[in-house]
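These are the structures in question, set out in turn.
Both complexes below contain subunit A, partnered by subunit B and then by subunit C.
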Partner chain A sequence: MSDLSVRPWRHAANDMSLDEGDEKLSARQARRPLETARTRLFVAGAIFTLCFVILGGRLVQLSLLGGGQNQERAAEHQGGLLTLQRADIVDRNGALLATNLPSHSLYVNPSQVLDAVEAADKITRILPELSRDKVLRKASATGQFAWIKRNLTPDQHYAINRLGLPGFSFEREERRVYPHGSLFVHTLGFAGIDNAGLAGLEAARDDDLKQIAKTPDGKMVTALDSRVQHIVHAELSAAMATFKAKGAAGIVMDVHSGEVLALSSLPDFNPYELDSSIADQRFNRATLGVYELGSTFKAFTTAMALEYGVVDINDRYDATKPLKVARFTIRDDHPQNRWLDVPEIFVHSSNIGAAQMARDVGAERQKDFLARLGMLSPLPFELAENGKPLSPRHWREINTMTIGYGHGIAVTPLHLISGFATLVNGGMRTTPTLLRRPVTQTGERVIARETSDAMRMLMRMVVEQGTGKQAEAEGYLVGGKTGTAEKATVGGYKKDALITTFVGAFPMDAPRYAVLVMLDEPHGNDATHGLAAAGWNAAPVFGRIVSQIAPMLGVMPLLPSGEEQQQDQTQRLLVRADGKGRNFASF
Partner chain B sequence: MIRPALILWIGLPAIVTIALLLVSYQVKGLENELAALERAAIAQQEEIHVLNAEWSFLNRPERLARLAERHLDLAPVAPKQMISFAYEPLGQNLESQGYVK
Partner chain C sequence: MTSFSRTDPSILGRWWWTLDRSALLVLTLLFAVGAILTVAASPGAAERIGLEPFHFVRHQFVFMAPAMLIMLAVSLLSPRGVRRLATLVFAAGLALVVATHFAGVEIKGASRWLSLAGFTFQPSEFVKPCFAVVAAWMFAEYRESENFPGRAIASVLLLIVVALLLMQPDFGMAVTVTAVWFVQFFLAGLSLWWVGLAAVLTLGAVTAAYSIFPHVANRIDLFIDPSSGDSYQVSTSLKAFQQGGLLGRGPGEGIVKGYLPDAHTDFIFAVAAEEFGMLAALAIVGLFFFIVLRGLTRVVREADLFVLLAVAGLLTQFGLQALINMGVTVQLLPAKGMTLPFVSYGGSSLVASALGMGMVLALTRSGYRDKSSAK
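For the complex of A and B:
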């Protein structure tokens, strides 16, 4: 090839030499193109060789040495994972509370239906709840798509599939399932047919649930405990029947972390039968309903008075006769008609004493104290249903005094138990949460540890010798406060419609859990001598709940071997006024 | 001189082509197998998921309480049945209660 290509150049050189007659010069000139060609050939060859070496090298690298991004991809490939549209919700022990199950929905493409009448007949035979006319209309309409029925049961799916009707097909969908039925309906809420959260935690954490669903094995861990929830639910149901109450609410909370272990509101409803539920069943009494919770607020008044140093535990107030303020008269439900010291005011639930104590603290400080306890604003709880407390716009002296014993301010039961948790846990603000949260998170300090200690003793005394005797749970040092309030109506209070509450904690020597029981319009019966006060209905429910949940939650009972020791243990927790305190001016 | 080289240069691509064809069929087969396995795995996962839901449904505390009451001779733990080693110095009270001789 080189000969061929060079030849014409040689001729040219010869021609040139003939023309010019200078052979040496022409020979050199004749050699130059030859060299150029050789160089080009060499460069081209080198480039080709390089390319082949690179290709060969890459081939060896890929086939023999491995590597490359495909290898990594292959290594990462874990196989398909089941992904759902909404994440599971589990309780603190991992028990499944809500999950998505695959289901099939039946739809029709009318343009492909051969015999609409026959199809409608056959389908309504399998799905008798559908109207034949409706199915017929859908099957003979003009269009491409119409749902016949969403979320068939596996049996229905099989039966319809077996009919082999042209034009009728299935769409794979997911259905939200609550294995516990109505047990958690007021905490979890429910999700709609298109997997959008419509109430409760499902609505409040809708986006989170969808996000978590994308991660493999992701689930939302709540603070709830299905065993505790069951006991609270069962005891409240029993109490509602016994006392013919309109409703009930119960909460169990960890006093340190604010985790809600159980939250029940009765009456409740089945999340699958939403259409047949009534508004009263869907109403969450524990977190959305705001009530004047009565005497339970005396705990806040007492803590406040002790905290600000307005009173000492030994000080006394005049409760000899009803207290007249402006056009109101404040009376006691359990009148003692004598001077009462601070523990006695609390234990006998004296409105007169609490009102005076609140007055001495003053409106500003009371408002500030209740705000720091979180009583004046909605709680940041993980539910769509969070009630906003009602408090007076103009906080006058009479408001201060009535709020001192729990009237003129309406909060949700969840507010109340959070406040009590703060009182007994050493004084740190407790914010309730429905999600699992480590104990290490502590809120700001609301009251001093000494005040909290005093409150624990006072609450224990209520059960030991006051209005809450029936809250006693054998083996556990329970303490708390009763509250019986008449329901507010337009322009006054209904005498026969009560809200009774018992809120407390256990074990009182080192509180771990707070429990609240509220009954809506309970009635007296023979066993209660016709009385409907909290000490007769809410308190015993509290006791029964504690004695069942405490062993589950690993709270050790105090069962000393000797009688003597028992005396010691309870005496240690009692405070008694020494009779040396101040007498506060009468009115 | 020309012939062995020619045989080499025709034979080699032919072998490589056949080998490539075989490998690609093999890969396709493996991919089908993988897809089938993955489908099976997802079906299994779905089944486990449904069974988990059923397990939770069958373990409702309300149902367990009902069944325990009907079939078992057991009662809920009473406080006096519980004791912790922290409260009970080993041997001290056990002896007096006749547990240890």
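For the complex of A and C:
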């Protein structure tokens, strides 16, 4: 073993690992480097162990946890591909009502086209709906750009791309798709070729839809229920055919939240075939059209009179003969020719009685009451098509009296059903909405609970004993009011052009949903003995709709064998309405 | 083999009973893993570049038996024999590395290969383990012989090797060789002052490399911000790990090997993870870890400083290469072409790894003393 202390040629600085003390302890010198090496070997082993453990940990992270950051990056990347210009619209159950699909549009840069004739021939063979001359003109024009066809199908895109025609290129676009076709066209509306909302919710909430589209998985949730919508649409279509009506409208609304579950206006149109639709198809009868809705307004008159204490439920009016006011004569459609009390006026739909009741309330209070029900101004509904009600500028006594039975004021069907929802839900103002809204968000009180209770009772009686018998949906305790109004034209009313309406709610012991059915110019047939009044057409449609949607909406029917039980229900209803226990069912 | 008695005085008998048999077993397993993964990963790569599918497989299998034999033969050597062999191969390898600059085959922008009898081989792969042994010798001799400038010689040799490697350029191998040299120096008693200084210098070197070599800068930029450029291989590799999950897609069911350019070489570990799953990948990591730790624990008791330094150097090189290769595939490290010893495709790498591990086996034989080598 060498003596390390004698190393004359080595500079001390070269040997910094050995301090001066070591130089003297030659006995330990042989062991010392080994000791150091062994100690340091542990350090090296520890570092290696650490590195291998980190590597193992990373493996677990990558394989089992998906690698954290990188997967997020991957997701972002994917999200980038799928970012669309407009958000999806879904119904209350998440069913897709409108979405955007990527598509390709064909354009031509004429300066690059080699053989315009050949190109026009080949393209019109794949797209036969195009005019060959038009394509030829576009392909041989001067300029840099002309659309040939927007939003090709993948098949067309492939076939045209395969032609390999110079100058013809594709632009990636997006196409708005409505999987239900025309079913929701009067609520959703539609978006145009450049993805701008042009009608309905698409137009009214255009900015929202574009904003929501930027959030991951963002979609607009509507209050609509596609199952209910389908039934309303189908029943209205059938009714239009049966009664040879010009048009129809139907609405289903949650009476507490004001959420619109279904809204249809017929005739409607396919949003993809906008160009071939006519104005009547594009006209929304449910929200844009304003109509004199006739006797249905007697519900408001009755509620108003009870609310202001102008009449007691037992008060009676003279309906023995037509009522002459100034130069007008008010007649009854179902004349009883006797004195009628308030429930009788409502159940038999007496114009004479309702007019007198309205007169007793007075113009100012009537106006105020209708305003609080929302009947005098456009609704804040989430559509581009919201009709403005028509009401008299000078609200004279005769106006008060005719408005008492629904003439001289025109509102949209949506106004009417919202008012009815208010009457039956306990008296809180219902504002319709197409979007989800929590029930807790109730409006202001319009009528007292007692008045609302009385109205529920009266509406039930209309179905049990009055003009709305055909609206019955067995087991669901429906109630409502018929309305048959002659259409106003210049200089008077058209006798044979009717607007018939049935509006009501169910179940009447604790109403949950209001339903409105309106037919535009229905005609009588053999089954109706040639009659065209609301009780013969709108009412049965109402009944059919309720009996189909109630099970879907979780409304429990009364037991089929429960004749007695139903009696009990009505009894309870009536007792509550009267407050004194008088049984109105004896009328 | 069990026919050898513990007292068998023959060379083979002595060899068997003194050998680290579990390390030999694990190394044999690594050979098997390499064979399986080459079959799994290389047909896709071969087809992609227009070769017949089993080109790489056959090529690799040709080298497997010789490599195994080399490993076993070298493990028979005494420490002195190892030292002599390493010195010879080191000298020859260095000469051949010089030759690559004149007669080299350029592949992917670097001239690291020599063409020999139809095979291309990479002399620097052989320089790597041999330099570790030579450096160990120098460091040990510095401690044990009077007036011997071991440290200076080791340092000068390092400078020569690194210079030659950077000229190819082979930045990765230069770093590996330097790191191994440094670990040996550290074990041989380098003052902690110098260790600190080396850390600072390393940082400086990395910065310098970043600013001098554009491809190094590119790789590091990509590691820090993968979206700054094309990190296709690494991101594809990560996908392999994610898709493999716990148990993998199953043998032959891998997808990324079809479009990962270096699936059979630098990214073979990703193929393993995709087809055989996380557990298999962890097992492979475990094999490498076992060899490194097993060797280090064995030489802790070693009385011969040369043996200790040589084994530590060889294992550091082996472990570091495995860590860097696998670290790159899981994006723990910037992309760096580094083969996975025994597993990646490449004849030179396989034979050189076998040579290195053969020397480790030889040097870690227990209770076996070649007295002559200590002095």
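Just so we're on the same page, the second predicted complex is superposed on the first by the 486 of 587 C-alpha atoms of A that agree within 3 Å, B and C clash if a C-alpha of one lies under 4 Å from a C-alpha of the other, contacts with A are read in each partner's own complex, and residues count from 1 in each chain.
Throughout what follows, a residue touches a chain if its C-beta (ideal position, glycine included) is under 8 Å from a C-beta of that chain, and two chains touch if they have at least 3 such contacts.
Computed from a predicted model, the values in this text were never measured in an experiment.
Contacts of A:101 after superposition: subunit B is touched, whereas subunit C is not reached. Applying the stated contact rule after C-alpha superposition, one finds that A:380 touches neither subunit B nor subunit C. By the touch criterion stated above, A:36 is placed in contact with subunit C alone, subunit B being left untouched. Residue contacts after overlaying the shared chain place A:64 against subunit C, while subunit B stays out of touching range. When both complexes are overlaid on chain A, the residue A:56 reaches subunit C alone and has no touch with subunit B. In the superposed pair of complexes, A:475 makes contact with subunit B only, with no contact to subunit C. In the superposition on chain A, contact is made by A:548 with subunit B only, not with subunit C. When the shared chain is aligned, subunit B comes close enough to touch A:183, but subunit C does not.
When the two structures are aligned on the shared chain, A:192 is found in touch with neither subunit B nor subunit C. Remark: subunit C residues 143-147, 151, 183, 186-191, 193-194, 226-227, 235, 238-239, 241-242, 244-246, 273, 277-278, 281-282, 285, 288-289, 292-293, 296-297, 299-300, 303, 305, 308-309, 312, 316, 319, 323, 326-327, 330-332 touch subunit A in the complex. Of all the residues in subunit A, the ones that touch subunit C in their complex are 1-4, 6-7, 9-10, 14, 16-18, 33-34, 36-38, 40-42, 44-45, 48-49, 51-52, 54-56, 58-60, 62-64, 66-67, 70-71, 73-74. By the touch criterion given at the top, residues 34, 37-39, 41-42, 45-46, 49-50, 52-57, 59-62, 65, 76-84, 86-87, 93, 96 of subunit B touch subunit A in their complex.
Those residues of subunit A lying in contact with subunit B across their complex are 79-82, 84, 95-97, 99, 101-102, 177, 179-181, 183, 226-227, 229-231, 234, 473-476, 547-548, 550-551, 556-557, 559, 561.
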